[in-house]
Amino acid sequence: MNIPSQITTLLAGIVLTLVSFWYGQNHDLLPISASVESIRIDSLFNLMMTIGTGIFLLVIGVLVYSAFKFRRQPGDDSDGPPVHGNIPLEILWTAIPAIMVLGISILSFDIYNDNGGADPMDHSMAHGKASHQMATMPGSAMAGTLMAQADPNQQKAAEVNQDPTTAAIREDLPQKKDAPTLGTVSPKIGGAEPGAPEFVVNVAGMQYAWLFTYPGTEVVAGELHVPINQKVLVNITANDVIHAFWVPQFRLKQDAVPGRQTEVRFTANRLGEYPLICAELCGAYHGAMNTKVVVESAEDVQKWIQSQQVASAEGLSKAVATTPATMTETEYLAPYAKEVGISADTLKQLHSDHHSMS
Amino acid sequence: MTQAAEFQEQANLPAHGTEPDKGDWRKYFGFSTDHKVIGIQYLVTTFIFYLVGGVLATMVRTELATPESDFVSREVYNSLFTVHATVMIFLWIVPAGTGGFGNYLIPLMIGARDMAFPRLNAIAFWIIPPAGILLMSSFLVGAPGSGWTSYPPLSLMNGKPGELIWILSVLLLGTSSILAAVNFIVTIFKMRIPGMGLNQMPLFCWAMLATSFLALIATPVLAGAMILLSFDLMVGTNFFNPTGGGDPIVYQHMFWFYSHPAVYIMILPVFGMISEIVSVHSRKPIFGYKAIAYSSIAICGLGLIVWAHHMFTSGTPPWLRMFFMITSMIIAVPTGIKVFSWLATIWGGKLRLESPLLFAMGFISLFVIGGISGVMVASVPWDIHVHDTYFIVAHLHYVLFGGSVFGLYAAFYHWFPKMTGRMLNETWGKIHFALSYVGFNLAFMPMHKLGIEGMNRRIAEYDPKFASLNLLCTIGAYLLAISTLPFLVNVCWSWVYGEKASDNPWRGLTLEWMTTSPPPVENFEADPVLATGPYDYGMGSRATEVDVPFSDASDPALSAGPSSTLRAKPDPAVAVSPSDRVGESHNR
Amino acid sequence: MTGSTLDSAKTVLNHHPEEDVVVAHGVEHHDFRLLGIIVFLVAEGMIFLGLFMAYFTFRSVAPTWPPEGTPRLELLLPGINTAILVSSSFVIHNADTAIKKNDVKGLRLWFGITAAMGAIFLSGQLYEYFHLEFGLTTNLFASTFYVLTGFHGLHVLFGLMLILGVLWRSLKPDHYNTNSHFGVEAAEVYWHFVDVIWVILFLLLYIL
């Protein structure tokens, strides 16, 4: 057997390590990072990239080296050495990967928790601010008593729907409850910064648009505006099929599931416009179901909301004048459709499809 | 110097078939119960479906060559990738690996005359062509377009006939897979030659045992999901429809309880075949036989408890996310054992660098990339970013194409002489390898970056900033499509005019090489024997010292030579080497 | 390198005594068929397990279970039905004992009784279906109820047909005897399986 001398092996090892470390930091694969949550996720990826590059180079190195070094000589029909295996070596390459994946698991767990992952208290706490905002709204007292015995998911649904604008755009679906053994049915992701959210937005996914409502403002918009450096909570659900709320620059994704209230929390830390993408196949126009999230100063967000209120006042008064109950969904959604950039025809077609099938 | 293969062949002269099979082509179109005929029926049928799936994939990539949706309508595009995935999984890789090579090789490798239930075997095969044709026919009525995952409620809203056809064909193919699994389990446990204990089986048999258990346990749950989905679709029940109080997440659990193990159903047989090929063509014993064998079983067990890692962003509570992250990560360990053992097998061998080994080494290099990205996506925080993006598309193709399909090609080149009695052309084999290796990496490597940057999957139109990388992928896909042609021509030409193959052209030790090429109807004249172990290349007695760190021939736990406890031993009753004639013969 | 000579005495093992030689090509191996059935039943069991877990999850995450307005299930008739099906498992076992003593008459008697009990079970099931106040699509509970019991009912029907098939074959002289009675065993194993599934189903749907 031909083993390279100790020195060559050592040198190869050092080069491999250096290249892995260099590439792990300079792979240029990640998009811009625009949220506090993404910082640690990126460092996790860099670490995995470093280890991955090392393993990849090791395997490819062995294969390429063998292909040249151990090629059979013409005319040599004899067998190689009878090497059948070696328990110490097996233990070595069982233990090292095991330690690596356990390390990555622990780190991932840690980052997940840091990003607001597994804190059971969060679920109820998160709405403190939101309910406070809505306390002045009619009907909240009754909803409050209902909420007392309800389940987190149903409670959240009731709470979110206290905002009449939100309730108007959301399909009224039976809400799941938490199962004793399976745990919460309304998972969430994100929220690296502790404490109650400072800015709440509700969103409903539907074929093929996201409709955002800003509680207490009567604004319905097709895009998400959030203030920079504030803890943002986005309450997500879907009206028809499953969608997924994804902002690559935030490194956060959460499915929007009909009948469940999920949420994403983040603190955006970079001004700009980023794509907001539906990441779960939702039908023919899935590829077109994207919009943008605008990270701007708190004042700019307020200004934008005011401009939206002026614009939607018209649509809303129309809606009040003609009782919503007698309107079809298409008619009711038409004013918002303009907002989200779908033509009224598309909307009509989509909804007639939707109704004829369900 | 006499070699191991000659000992094995001499000892098996009494078992050696006398008359190679005549090869009347008509039997391949009938209800034959011969496992070799059924195996070839599987391989040819599934390869045809592979070509169909490849055409669909090429159409998908054509659509994606430009950012606009301009080649087919969006609905048709969704059908293209839905049917592409369904065909590749259910009609190509699963039946080719288990049904095709499994059927052909398992009885030969364990020295049996046929499978335990030959008629059941034929039935399992004959379910496949109608199910495949049924699936194709869906294009006439509006093919299913909800992805191969077919998540409700979307799958309940798209065209009903297409969706129903999809459900029916998946149910049929699942049934076929279960029947085949029952057959393999009974065959492997009950029909080994006397003298072949479980720890003396070729590694492909271990892999098929693990695969069959997975198919047996996981596939029925998919059938359950399909039954409920069809009720929702046709009768209007609300199992998965949230409007009526149903829960779409339950479908996802049931679906992935099968569909994650399905990945192992697709890759484990290939692992087994790679172990055979790497050892034969490196002229060295497989490194760590028992470690590889038992890691197959570990993958089988762990594979059943990782499914929810496909659902990290859906309705999965935190503790489930964590549990499934850790189990998914642990699967990397037995997989790593296999990869490192293959490398150690190659290291220091006398490599016959022809098509089978080229594809096997190509398999290792590509599968490792899929494995590394697999560990990445097992990590919850990272998966939440890349779930449902092109990063996943890249990962799964590195596992299923760079892994399974390259492995299947290696197997085609390795066992073609046994199956047909003729050699494949080596030059065309090398061209095939070079084209597919370059085309594959060109098509799928850039997808990693696309996904991380923000391109989601299953979309007909995308942000123009991704245009240049996508064009590269499309060019790679075309190259990959073209790379199939040399193989097709090579197989068709060689089958008829190829150079005649000897009975044991690669000088292998496993029992399928101990009879004629192609083998006679009942494989052997008498029961073959294990005069050498299945991987005893280089022979040597138990006192042989080899040049491996930590090795000590006198201690079986440390030894790397023939006295190693990890080795697959010959049958002591007939062993060539006197030092192997100790202990009791198994399975007698 | 050692052992370059073959021990010819050892290779004689290649020639096996007649009884070891596998039965003719294309014929199922008698000894393995029961194992095959049992392995297949593992798969069958997994379908039911999958459906049970689905039921369990639906139940766990539904706001109220059974959904409001679902009438209570009558327990008397299904209870009697359960008793009949469970005792039929003991009855069918007598048939197995009988054929092991080469008593074909006993086999016919016990299989006949089992078939009758199975038929009563199925009729009871149908009677219940026709007298329930909810239909297949009334609500999620109703749907799971019908699909689970219906799917099980199909298995009972199949088991019943197996039993009748064995009965029919037992009319041929010496079709079943002490040494060869795979059909009897297969039908019995299958019947026990159907029985066990029913007990779980009954607990899940009626009692819990």
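Points worth noting:
Order of writing sets the chain letters: A, B and C. Residues in each chain are counted from 1.
Definition applied: contacts are C-beta pairs under 8 Å (C-beta built on N, C-alpha and C of every residue); 3 or more make two chains touch, one makes a residue touch a chain.
Given the structure is predicted, the values throughout are model-derived calculations rather than measurements.
Arrangement of the chains shown, judged by which pairs touch: all-to-all, with no pair of chains left without contact. With centres taken as mean C-alpha coordinates, the chain found closest to the middle of all protein C-alpha atoms is B.
Centroid to centroid, with C-alpha atoms defining each point, chain B and chain C lie 33 Å apart.
Centroids of chain A and chain C (each the mean of its C-alpha atoms) stand 46 Å apart.
Along chain A, residues 174, 176, 182, 185 each make contact with two or more other chains. In chain C, 57, 61-63 are the positions where the chain touches two or more neighbouring chains simultaneously.
Shown for chain B are the residues in touch with two or more other chains, namely 1, 244-245, 247, 539-540. Residues 57, 60-63 of chain C are the ones that touch chain A when the two sit in their complex.
Residues 1, 3-4, 69, 73-75, 78, 145-147, 151, 153-154, 156-158, 242-245, 247-249, 282-291, 313-322, 325-326, 329-330, 332-333, 336-337, 339-341, 343-344, 346-353, 361, 364-365, 368-369, 372-373, 375-376, 379-382, 384-385, 387-389, 448-449, 452-454, 456-463, 507, 535-540, 544, 546-551, 557-562, 564-567 of chain B touch chain A in their complex.
For chain C in complex with chain B, the touching residues are 1-4, 6-7, 10-11, 13-16, 20, 22, 25-29, 31-33, 35-36, 39-40, 42-51, 53-54, 57-58, 61-63, 67, 136-137, 139-140, 143-144, 147, 151.
Of all the residues in chain B, the ones that touch chain C in their complex are 1-2, 7, 10-12, 14-15, 33-34, 112-114, 116-120, 178, 181-183, 185-186, 189-191, 194-195, 216-221, 223-225, 227-228, 231, 235-239, 244-247, 250, 253-254, 257, 521-522, 526-529, 531, 539-541, 573-580. Residue ranges of chain A in contact with chain B, taken from their complex: 1-3, 29-31, 40-41, 44-45, 48, 52, 55-56, 59-60, 62-63, 66-67, 70-73, 76-90, 93-94, 97-98, 101-102, 104-105, 108-109, 111-112, 115, 117-118, 173-174, 176, 182-187, 189, 240-242, 244, 246, 248-249, 251-255, 257-260, 262, 275, 277-288, 353-354, 357-358.
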